[in-house]
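Both complexes shown next keep chain A, but they swap its partner, so chain B is in the first and chain C is in the second.
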Partner chain A sequence: MIYALRVFAAQLHTALVLTTTYRAEMILWALSGTLPIILMGVWGEAARTGAMPYTPVEMVRYFVAVLVVRQLTFVWVIWEFEEEVVTGRLSSLLLRPIDPVWNYVANHLAERLARLPMIALLVGLCFWLHPEAIFVPSPAVAATALGVTALSFIVRFLLQYTLAMACFVVERASSLESLSFIAFVFLSGMLAPLDLYPAWVANLAAWTPFPYFVYVPAQILVGADVDVPRAVGLLFVWGALLLIAQRWAWRRGVSRYSAMGA
Partner chain B sequence: MKALARTIWLFWTTSLLAELEYRTNFAFSLLTSALNLVASLFTLSLFFRYDAELGGWSWGEAVMVLGTFTILQGFSATLLQPNLNRIVEHVRQGTLDFVLLKPIDTQLWLSLRRVSPWGLPDVLLGVGIVVYGAALGDVTWRGAIMGLGCLACSLVILYALWFMMAATTVWFVQIYNVTELLRALLDAGRFPIDAFPRGAYRFVFTFVVPVAFMTTVPVRALLGDASGPGLLAAFGLAATLAWAARALLHYALRDYTSASS
Partner chain C sequence: MLQAESLGKTYRVAEKESGMAGTLRHVFRRKTRDVHAVRDVTFHVAEGEFVGFIGANGAGKTTTLKMLSGLIRPSHGRVRVANFDPFRRQRAFLRQITLIMGQKQQLIWDLPAIDTLRINAAVYELERGEAERRVAELAEMLDVARLLTTPVRKLSLGERMKCELLAALLHHPRVLFLDEPTLGLDINAQEAIRGFLELYNQRYGATVLLTSHYMADITALCSRVLIIHEGSLLYDGSLTEIVERLMPSREIELHLAEPVPREVLAEFGEVSQLEGTSASLVVERSQVQRSVVAIFDRLRPIDLFVKEPAIERVIAPLLKGQGLGTP
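== the complex of A and B ==
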């Protein structure tokens, strides 16, 4: 156990060094997550002129929270995995006495750490644009939000990594992710707070994992009233289901993996 | 001129043939485009559900802006991404040498070598909803012609911006996804510029990343209420950026030292 932890620590360290080498690229990726800032402007303006259950300030805060949650839960494992299967590089990872998934986990975590200053910068930009919306969540709120965000990152990672297993069967598995990403964009609350949706859409969405990836953590962060135990419970159920599916698909996939190009 | 047309014809037919090997992709990209569009239309409808003003734009007019945005997206998937996003690869691997040696204009080769059919669903759907939006209001023939002219300007603007971003990779080889940033900022084009708050937002989306000229101005022209100076500005901007893109490439190539040699 301790040995495994030491190995993972080493992987994390390597990943961190690698990410910080490609700083410019990382800054660009972080900057390309600016959709919440665009929507913040439009929705803030809409809340001012329209009749909706959000005040402009609440609306702006919601999108600041969306921005933070999105930056913290960004997942790209399917592209990384696809590349390694298609080029056959997965073979060398399979030879190691540790499951390749930890390599991807380390990459994602390291990138997250390296991204923190960018998040601060983007949040600063939001508050510069909308100084009236500046807020600081209480430590309890921040801790809950961070906990739920971490959990939702794990489930989101599991979802994408499960889809990535399709790489063993088809060449372009990332197409699956494009489809699932549409559902994500639509149902996660990234485009608008979900309680503005017609009730039946919002209720339907509540059973999928998507609202717990953005909407719920963001609402917790801005201090709205959220049923946290239910959210955590649903995330756990989805996480468990995906974990089972992933492990099953992984075993079948590796046994038919033919190491293309290697 | 005839030789040039023939070359481009050959470029495009060969790249289409190569892409058509993945025919199922077409059904798939049609599906993704349609779903994406439904999601965008749904989001737009939310604003009207809560009687938000959206800068005074009606549903039909706002839909036309979204349609124009979708057309631009399709255009970038058809021509810009397959060509310009490869420039960085050419610089990294030094294969830009071969392009420079060819007896054809470098910019032309870099911009038109490939064409991808996967952006077509977006173009078609975009045109479809612009027509739907136009049917809701009253669009005159004169407006339609002006709108088309403005759309041509916005295609040039988008191309030039994309090309300039891609050309900077001659200096910053490591930046793989510099155009992602542009794509992210372009998302603002889903909404009419008047839907944004006054101040920083409108300034940035008009003067820094001229999204306003790409989607709002063509639709205004289509509706027949574009001002003369507005149209002139769109045309001037397109011409200036096209010139700047060319100048930047030639300036950047002076610093190109090839890879591994």
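== the complex of A and C ==
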């Protein structure tokens, strides 16, 4: 464990240097995740004119929270892994006496740290546009939201990394992520709070991991009433299932790996 | 240190006709065929040996190296490296080997090499002082100390390969698999890499298996060669022995004071070239001394050279799969 942490710290340091080197690219990526700012305008207006369980201020706060959670849980491991399998660059990682996953985790965390100032700027922009919606969560709420967001990042990462294992068979596994992303968009609460959906859809979605990637952490952050133990329990169950699936697929995949191009 | 017994690797590859029709047919009726990249290869390499592994493109060299390093699983046969089954990729095994590929890099492209070295030091559990000592030592051997803080993308190909070697050898591996480490480098860089590899092998007693298309690498470093063709091992032995077996003759190059008829030259050996006062004769190895004495006695040449055949020319028929023939 100490060994893994030491390696991880070194990788994180280098990934942070690399992310800073690619700062322009990172800023563009962060800006590409600003859909919630558009949606907060649309839904805020809808809340003002129609009968809805949310006030305009609550709607804006929800989408500010969605923006923060999305920025903190964004995962791209499938594209990185796909590139490495197709070009054979995975080989150099396989020859190191540590699981390649730590390299991807370090890259994600470093990028996340480098994104923090950008997230602060985007949140500032939202509150500048909607000053009536400014809110500061209590330390307990912020800590709970951060914890659940961290857990949801791990499960989201595991889901995409498990799908990435298909690279060993179909090479372009990112098409699977496109399919998964459709479910993510509709069931995560990214487009609208899930309690605006028909009850049966919301109930069904609650058994999938998707609402726990955005909706649940965002609701916790704005101080809504959320069954946190249930959410954490479900994230743990999904995490465990995905971990088992990923390890199984990894072992099968590496047996098939032909290290082409390397 | 390395043991390969009846080692083989078969790939199943898709066969697709060209054009849209071929693509559509491939979607509905997928055709595959088996490609036997390596077949029943058996060899042993002792600790500290420096062995050349040669063959034409697609002969199976790289596939064999990938099996030995644990990157791919053999289809059949048995392989042991430093008493480990490579494909299990146990941590203790991976700490003892390295695989360097001339056309692939592990250094992070946009950062200085020192950043990759920092990660490698942590991965191989080197204390900071020890890591710094090793970096300094290897950097001195490779003459790259001043390059370690320059972004990798700004280095020349030769400089980059030297830094790759440093990164790959920081953990002092006991077994080195080198796949075309001098590919694309200029003569000076090739010589520098060769000199370093020789020094590393001597200093650390490392076992080295080297593939290269440059015979100069093989002749400079390897006393033993493995020759592979279409996945099968054709030869395993000393470089000198195979040259003697395949080319039991020498070439005598003459520069004469005045032109001499071909028939006269033919009395001393087979005339392979005759242009004005310059000629080349091919002479049986056992007859070289007698021919040279006779030429000096009768033709009074201005210059005379006895030349070893070029190794590329000797090996070429083997690389085309023409076999060893009769000694």
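Basically, the second predicted complex is superposed on the first by the 262 of 262 C-alpha atoms of A that agree within 3 Å, B and C clash if a C-alpha of one lies under 4 Å from a C-alpha of the other, contacts with A are read in each partner's own complex, and residues count from 1 in each chain.
Heads up, the rule we're going with is that a contact is a pair of C-beta atoms (placed from the backbone, for glycine too) under 8 Å apart; a residue touches a chain by one contact, two chains touch by 3 or more.
Quantities reported herein were computed from a predicted structural model and do not represent experimental measurements.
Undergrad: What is the contact status of A:V7 with respect to chain B (first) and chain C (second): first, second, both, or neither?
TA: Touch partner of A:V7: chain C, not chain B.
Undergrad: Which holds for A:M52: it touches chain B only (first), chain C only (second), both, or neither?
TA: first
Undergrad: Report for A:R89: first if it touches chain B alone, second if chain C alone, otherwise both or neither.
TA: So A:R89 only meets chain C here.
Undergrad: In the overlay, answer first, second, both or neither for which of chain B and chain C A:I98 touches.
TA: second
Undergrad: Have a look at where A:L196 lands relative to chain B and chain C in the superposition and call it first, second, both or neither.
TA: The answer is first: A:L196 touches chain B but not chain C.
Undergrad: Pick one for A:L121: touches chain B only (first), chain C only (second), both, or neither.
TA: After superposition on chain A, A:L121 lies in contact with neither partner.
Undergrad: Can A:S258 be said to touch chain B (first), chain C (second), both, or neither?
TA: second
Undergrad: Going by the contact rule stated at the top, is it chain B or chain C that touches a larger number of residues on chain A?
TA: The partner making contact with more of chain A's residues is B.
Undergrad: Based on the A-chain superposition described above, do chain B and chain C contact any of the same residues on chain A, and if so which?
TA: Shared contact residues on chain A: 22.
Undergrad: Quick check: in the complex, which residue numbers of chain C touch chain A?
TA: Checking each residue of chain C against chain A gives 11, 66, 69-73, 89, 91-92, 94-95, 97-99, 101, 104-106, 108, 110-111, 115-116, 118-119, 121-125.
Undergrad: Mind listing the chain B positions that touch chain A in their complex?
TA: Answer in residue numbers: 22, 25, 28, 31-32, 35-36, 39, 42-43, 46-47, 49-55, 172, 174-178, 180-181, 183-185, 187-188, 191, 195-197, 200-201.
Undergrad: Residue numbers of chain A touching chain B in their complex, please.
TA: The touching residues are 22, 24-25, 28-29, 31-35, 38, 41-42, 44-47, 49-52, 129, 172, 175, 178-179, 182, 185-186, 191-192, 196-198.
Undergrad: Considering the complex alone, what residue numbers of chain A touch chain C?
TA: Residues in contact with chain C: 3, 6-7, 9-11, 13-14, 17-18, 21-22, 88-89, 91-92, 94-98, 255, 257-259, 261-262.
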